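Each of the next two complexes has chain A plus one other chain: chain B in the first, chain C in the second.
Moving on to the complex of A and B:
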């Protein structure tokens, strides 16, 4: 009897919670899915799906913009190489600013 | 179609549309966005380009191909090149100024940013690339020395000589005015004669604070400048500015942001003076708003305040928030820091309110129903 084929399972994407100022890019969706092993890859995935979204959060020097905060499973990520695992939740947060 | 006044505000984009019996306010579009500039393409009047950001999100550019009914975001907004890890690079904080390119260069636009950067688009605003002749100029760190205004260190007043697309001017607040005769590859300061009472050296070659520089459309050798330190005129090829603001009434002085030029007569210009004394209140002088007009290149100035509040009106007009239309009057318009738009169909002789209760107005630009608009 031949060996059973190795089981292939799709890697579940992470869940991205989108702050309201960014929902013009996601068609109004507050939650979307994205793939990537770190924040940089997740953001690249988002930008491919929602062009222009990344640059509103990350400047041309790869710095997180002053009023943007990124969280992975509730922990603030200060660098874009922060690890993201399948099933994680990424929050894109717009910090309170101005009047 | 109808003439439109595009109103860029701290909280979104509005428009006044000319109707048979006056102007009708429409909008907002982009509610909550900080809109610094909206400019009609004089070469293709259906096209518009807008510089905007929000309080949270980074700066970008939007463009329209249907007179502002719908907008698309630039796929590649103005951005400085990424530097190597460990080096300190520049990042655009504000897309501030827009200028349509030369009539012979369809689709070409210029954008000025804070921190100071000059960017060019060749595809109607869809994508932007840096003008490295300025942004990476060996003198950049001296010209743009980091003396930021409250809104950042701004690059504005990008002017294109209608006779020669290679002949450009730009200005920095703070930094001064600069000229290129080779399409932006090389730049030279053009600040002789301009006062800078905040600099140790009153004859410094750069470091000045031009608030707005304007080129006369029919006589491009004539430039006017409303500076932090006065009103000036320059007739090229001369390179020394003349302070025509010394002829303003002593009590009013010659500080302000905008300056608007007549379409045909190069001796006619309008300014909106503000209080630049002591701690710089930046309000209308004595709370009495007034436009001042010259008909002779700045030798004499005439007060134009009919229709404005007579007292206790402490607003001012920012550099992109005063314009004229393409009619005989001409129609003059200004948007103020209190969210009001005022217009005069008779070249400033009498003013009336066209809109109020808007957010703080950053820019007011005229878009003609056909033909040329005016930034």
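Moving on to the complex of A and C:
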């Protein structure tokens, strides 16, 4: 009979899919992991790992920059207090200019 | 809008006609349709070839540029013999060769805030494949103001995004991205692009245009489709019309296309920006009292940089400008901005001018020019 699952286990982080123009911060990685119970915490976690990345998305007034869209599990998040749960996928989408 | 099919049309478009969703009625609607493709680049090449083949009755291509050897890796509308020649005119010839039974129009001109309204007026639908953000907003705003359908797409390195706008049915481009100044994302020349990527996105655009015009299927209205060719992942995001959208919202403030999506500085401030040549910069460095700010991305800077420079990526410049300018003023230093080819550093100069720097300096031609004129051993990495 298998052992019982431990009572506590590490909270799995959320998955962050990174827009192409922001990948210079993640060493080219298209997908990274981050912790946080809301979008603000997730972005803070990202900025700790990849300094400067948050400012590319959030301005001095704590607003999402107008050329950036953030989605949690495909649903648009217009506020930084949008909830993020373990296992969620956060997409960072950036306006692209090439043709 | 409808036009009768000829016997030759029935043969050419037979595979459409046997599709129950398409049929004769759909093909006749396509024959009566007038479509403008903005930009004869990678997206416009793929989209226009398929739209011509599909039988769009009037197909127009607008581009002011000439074919360059470096275009041919992705701009499949042209061949090597077209190098140096007008994209609009060579594209017209190629499309007419592909389908002599339709009308192909060439607009060999630049799209501007001043002409975009007249350019799109004769057409039912616009396919936007431009490579400039300001043009992207001008085309979007003109389509909203004239109630035209728009199929928009953009690309960067291995990633692309596309969606369709139909008046009063869903969000416009400004609803999704309310504004974006030039320089927020490097263009294809600076950042590179996988040649086949605009083929993927351009054919999605052609598919959307055909569906919208012929009247079948579910278009990408209110759905932003992104493609990552590196992982070959297609993602879709629900996007909604913004009541506060500046052009299609409840109380619009944009009544005509604007010169720039987000003016960085005033014309007076822009006039104070000075270009410095690589040899000028060498002299400035020898004299001292100059701060050199490299606005490329950190990975580019790490590969090769001028030893006197410090790295502030363009996206972080607004955050760091106040401290930078204070320090420069305290020391009486000039501030020179540079990047790979001079585009991003021009935007940096505009931001610095708007922040109060009296005379920002821009290294003309960027580090590529530095390597050419001053230090032939300096290898400038791709972004």
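For this structure, a couple of remarks:
In the analysis below, the second predicted complex is superposed on the first by the 89 of 99 C-alpha atoms of A that agree within 3 Å, B and C clash if a C-alpha of one lies under 4 Å from a C-alpha of the other, contacts with A are read in each partner's own complex, and residues count from 1 in each chain.
Just so we're on the same page, a contact is a pair of C-beta atoms (placed from the backbone, for glycine too) under 8 Å apart; a residue touches a chain by one contact, two chains touch by 3 or more.
This one's a predicted model, so the numbers in the text were calculated from it and none came from an experiment.
Considered on the superposed chain A, chain B and chain C are sterically incompatible, since they clash.
When both complexes are overlaid on chain A, the residue A:67 reaches chain B and chain C alike.
In the superposition on chain A, contact of A:52 is made with both chain B and chain C.
Of the two partners chain B and chain C, more residues of chain A are touched by C. Applying the stated contact rule after C-alpha superposition, one finds that A:76 touches chain C and leaves chain B untouched.
Shared-chain residue A:30: touches chain C; no touch with chain B. When the two complexes are overlaid on their common chain A, residue A:95 makes contact with chain B and with chain C alike. When the two complexes are overlaid on their common chain A, residue A:17 makes contact with chain C while staying clear of chain B. Only one segment of chain B in 199-207, 217-225 or 361-369 runs into chain C in the superposed model, and that segment is 361-369.
Residue overlap on chain A between its contacts with chain B in one complex and with chain C in the other: 19, 21, 52, 55-56, 60, 67, 94-95, 97-98. Residue ranges on chain C touching chain A, taken from their complex, read 39, 41-44, 129-133, 136, 153-161, 176-182, 184-188, 191, 193, 198, 224, 226, 228, 230-231, 235-240, 262, 297-300, 313, 315-316, 319, 383.
Of all residues in chain A, only 17, 19-21, 24-25, 27-28, 30-31, 52, 55-56, 60, 66-67, 69, 71, 74-76, 91, 93-99 touch chain C in the complex they form. Listing the residues of chain B that touch chain A in their complex gives 32, 54-58, 60, 73-75, 77, 79-83, 89-92.
Taken in their complex, chain A has these residues touching chain B: 19, 21-22, 51-52, 55-63, 65, 67-68, 94-95, 97-98.
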